[in-house]
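First chain written, first letter: the chains are A, B and C, and each begins at residue 1.
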Amino acid sequence: MKTKIIVLLICYFPLIMAVFIPAVAVSAQQPTPSDDEMNAIARQLYCPVCENTPLDVCPTTACHQWRELIRQMLAEGKSEAEIKQYFVDYYGARVLSEPPITGINWLVYIVPPVTFLAGVYLLFRAFQIWKRMAKEPEMGVDKSDSPRKVPESSKRSGSAEDGKYVVRLEEELKKRK
Amino acid sequence: MLAQFGIGMFLLTFLLALFSVGAAVAGYFSKSDRWVEAARRSMLLIFPLITVAALTLIYLLVTGHYEIEYVYSVTSNDMPFYLKVTALWGGQAGSLVLWSWLMSAFASAVTLRKWERDRELLPWVIVVTSVTLAFFLSLTILYENPFARWWQTTAGDFVPRMFAPAGAVAITPMDGQGLNPLLRHPGMIVHPPMLYLGFVAFVIPYAFAIAALVTGHSDDRWIRLTRRWTLVAWVFLSIGLVLGMRWAYDVLGWGGYWAWDPVETASLMPWLTGTAFLHSVMIQEKRGMFKQWNMLLIILTYALVIFGTFLTRSGVFSSVHAFSQSAIGPMFFAFIGITFVTSLALLIYRWKDLRAEVEMRSLFSREAFFLLNNLLFMGVLIVCFWGVIFPLISELVTGQKVTVGPPFYQRANGPLFGALMAIMGIAPLTAWGRSTAGTLGRMLWKPAIPSLLTTVILLFLGMRNWIALIGFTLVAFVIFVTIYEFWSGGRSREKKVKENFLVALWQLVGRNRRRYGGYLIHLSMVVMAIGILGIEVYRTTTQKTLAVGEDIQIAGYTLRYNSLAQFPSTDGRFVTRANMSVFRDGKLLGNLYPRYDYYPTSGQMMTVAGVRSTLADDLYVVLVNWENVSLIQAPFKVYHNPLINWLWIGSLMFIFGFLVAAWPDREKEKREE
Amino acid sequence: MLQEPDNALAPKRGVPIWAQILVWIGLLGLLGLLAAGLLNAKNPILAVGSPVPDFTLTLFSGYEYNGAPEVKLSDLSGKVVVINFWASWCQPCASEAPDVEAAWRSIEGTDQAIFLGVDYVDTEPEAREYMTNFNLSYPNGPDMGGRNSQNFNRNMGVPETYIIDQNGILRFIQIGPFQSVAKILAIIDPLVAGR
């Protein structure tokens, strides 16, 4: 009788251990490709249905499916560009974090630099005009490099030429809006 | 009963606001002081009445009157007291009430000042503030009534109405939906009020500007009168933005502080023009220049405040932030149309009276750098505005929805902000008026050398990313310039007045509060830049599913998953919490408890990250609740955010800098009067 | 009192006309944009009674229509078209799917109507599982690029069903699942009969 019990215990020992110490026996299965590889791409995409939520942090079931799709495509050997193109084909351009350069989208990238450069140009012209205005009645004034305060009492008469430059200045200031 | 009283108060204040406008206009044109005084008193009366109405709403919120639709939608029995109070601004209707409340408070504060010297401006200041106030009150009364209650119609539908629909029965739910879990955070308590304070405070300089335009005053009295208001508005808006960043960082679960979401960007835009304005008015005060440009800037700031508020609430722009779509869109559109057109027309009409005084002698003078500052801020504004507007254009023109996201903004704004940092360093070294490359160069080399030394040290320490190198060099540059300014100022005073250096420094700062407060604010900005550079350039992240006892590694840290606990908490949440140990080089640094809370009343889930914060970095762990979590294994996402805490430290610093800059200097002000 | 700096004073000139025109055009443009945006947001759904814009639905492999792997709406004139938007991750879609299929089976023989299924923002493996589970025999295709759904509802949700008459006019919109086969047929039969 005793022997039977001992034999039973020995036979079932591994099973008993497995039940009581699962932490040691079980280890989490790591998917391949890994979460990090999948997230590297998911991070650059936006959830096709939610508002402005990147795909790697979107909590919905649908997003889970999309992330798994990315993982599967990576396992198939697809490149990042191919995966992104697939998403654009299936779900539209809104899944990208920036508009692709198609149709009128090139405007997104052109307008800010052009406007900024226009502003720079206007500012530059304005400077030139102001400097000319400031210099003209002061021909012959010492232009040494020493910093000194602007004489408060310098008066200036508005000559006709001054007027013309200032008109252009004001026009350009307005253009800057 | 209380509900009818509440809406009655709002109706009364709306009528008073209209009366203020009429009386002020009448008083101005008929040159009657009595009418203007009537307008002023009527405006003053609004604030206590709105306070009563708002307190009524708060009372209803706190005592759980769920028959009121707004109370039902933002509170529930399980919410703690303080959250029920702050739920006032948890929904659209209540947040509009907060807007009106703050607007009337500021308008009253402005009307309470001494007006003897500026009696001409008073009527129009009243008009502008009252019109704005009346607009927001009209939204509350007509579209977003916070006192509407639940009725069940004969058809069986539940509708919220102020007055009973025919044959409907009044309903009182037993419990409310409760506040969105994402909003149950200390940041929730302060972020919206701060932001609104900033928005509302910018209405005051705008009101004075319009008053100056209408009355034909072309001097800069209006700027001097609103100097402190502008600074106050700026600091509240800045605090509001930073709180939003902190809240997003803590609560959104992806360890980021800014997503360039349209609503976020919309609240940044008035800050950009407001900061440009803050600087540009200094030139007008010192050199009499740019009167037209300053008018334009403050009009733009007000326009962007209204536009930003519209954007958040109209349903036209898609955003995670946006309040649910409502009928107030068209009202906002009408208001925007009227105010933009009127402001612009006034400015054009008075353009020639704002005489341009053209004393700009040198490209290297301080005025020139202030202009450059404005140009750069406008550059960032164009990028932000265009990025927000473009998806709308794309959808309307091509029918295709596009996302303009972080890469666009970062690529465009990065260099612009970098240039602004450079100017923050160079401008204090320039002189007003005459200055040449030579004089500036002579000033520059002193802080430039240690800055370049910093670059070399960073290179030596292994930093290779050129964005980080340039960024940190500029940060160092501004720090050295600031130290130099304080040092040389203190030293020269010490020598001249024969005071102890520290006393000299104190006196120096005390007598030039705006300048040195400004330097402190610049310093705090680059400290914030340290945090931003750290997280943007050097952040890493990893995700892994762990079984109990397994590790995840990132940036030299090892995190071990110890256990998972699930339990209900005292206020009805069901909590799933993981216990993790953090190791570095084999040494245990501490434990983290990332968790997510499930709110049964609303069925919503909120992730709370476990964060280990040091000056060097944040270790930010999220228990990923949207993948499979079981007692055996759980997925974790870990973010390593280097230097992020300097962002928050910097923001505390700018509050201090503001206090220095804005602290009243009675003697100086008396001298200027 | 404020000391006016005695610098060059520009002569008083107003804003030049061309600048004014530019600025007003810009402002009116912005207002127009916002107005259009508001109108857009208010009416996201195609109105009943309006003609449905033509579209091409590329079908999942395994489905075909008249031997072709795609269907064009214009080719279907003369028949009543029932377009059902669904997704595999959508629970209510699963609840109505058997009814939709049954309705199709009952009307298939008459050749007077055609059912089309559009899979809205979904992934193919899960979609296939859904279609196999419910034995969907009518033509189904993915909503490529989101273009088809945008024609019907800019804020598309699932399930939604759009019923178009023989002349290409939208006659009925169902937001949410159908409760029964009878309800579906109750809409289709009158249209088929020409009413």
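Quick note on the criterion: contacts are C-beta pairs under 8 Å (C-beta built on N, C-alpha and C of every residue); 3 or more make two chains touch, one makes a residue touch a chain.
As the structure is a prediction and not an experimental result, all values here were calculated from the model.
State which chains count as neighbours of subunit A and simultaneously of subunit B.
Chains in contact with subunit A as well as subunit B: C.
If you average the Cα atoms per chain, which one ends up farthest from subunit C?
Max centre-to-centre separation from subunit C belongs to B.
How many Å are there between the centre of subunit A and the centre of subunit B, using C-alpha atoms for each centre?
Using C-alpha averages as centres, the distance is 21 Å.
Could you tell me the distance, in whole angstrom, between the mean C-alpha positions of subunit A and subunit C?
So the centre of subunit A lies 30 Å away from the centre of subunit C.
Measuring centre to centre with CA averages, how many angstrom lie between subunit B and subunit C?
A distance of 38 Å separates the two centres.
Counting only residues that touch at least 2 other chains, which ones in subunit A make the list?
60, 92-94, 133-134, 166, 169-170, 174, 177
Counting only residues that touch at least two other chains, what does the list for subunit C look like?
Answer for subunit C, listing residues that touch two or more other chains: 5, 7-10, 13, 15, 23, 146.
Mind pulling the subunit B residues that touch 2 or more other chains?
Correct list: 351, 356, 358-359, 393, 401.
Applying the document's contact rule, which stretches of subunit A touch subunit C when the two form their complex?
Counting only subunit A, the residues touching subunit C are 48-49, 60-62, 65-66, 68-69, 72, 88-94, 133-134, 152-156, 158, 162-163, 166-167, 169-171, 174-175, 177.
Residues of subunit B touching subunit C in their complex?
Residue positions touching the partner: 219-221, 224, 287-288, 310, 314-317, 325, 329-330, 333, 336-337, 340-341, 344, 348, 351-353, 355-359, 389, 392-393, 395-396, 399, 401.
Going by the contact rule at the top, pick out the subunit B residues touching subunit A in the complex.
It is residues 252-254, 259, 261-262, 292-293, 296, 318-320, 322, 351, 356, 358-363, 368, 371-372, 375, 378-379, 382-383, 386-387, 390, 393-394, 397-398, 400-408, 412, 431-436, 438-439, 541-550, 605, 625-627, 632-633, 635 of subunit B that touch subunit A.
Which residues of subunit A touch subunit B once you look at their complex with the stated criterion?
22-24, 26-31, 34-36, 39, 46, 50-54, 56-60, 63-64, 92-99, 103-105, 107-109, 111-113, 115-116, 119-120, 123, 126-127, 129-131, 133-135, 145-150, 166, 169-170, 173-174, 176-177
Can you name the residues of subunit C that touch subunit A in the complex?
Interface residues on the subunit C side: 5-11, 13, 15-16, 19, 22-23, 26, 87-89, 121-123, 125-126, 142, 144-147.
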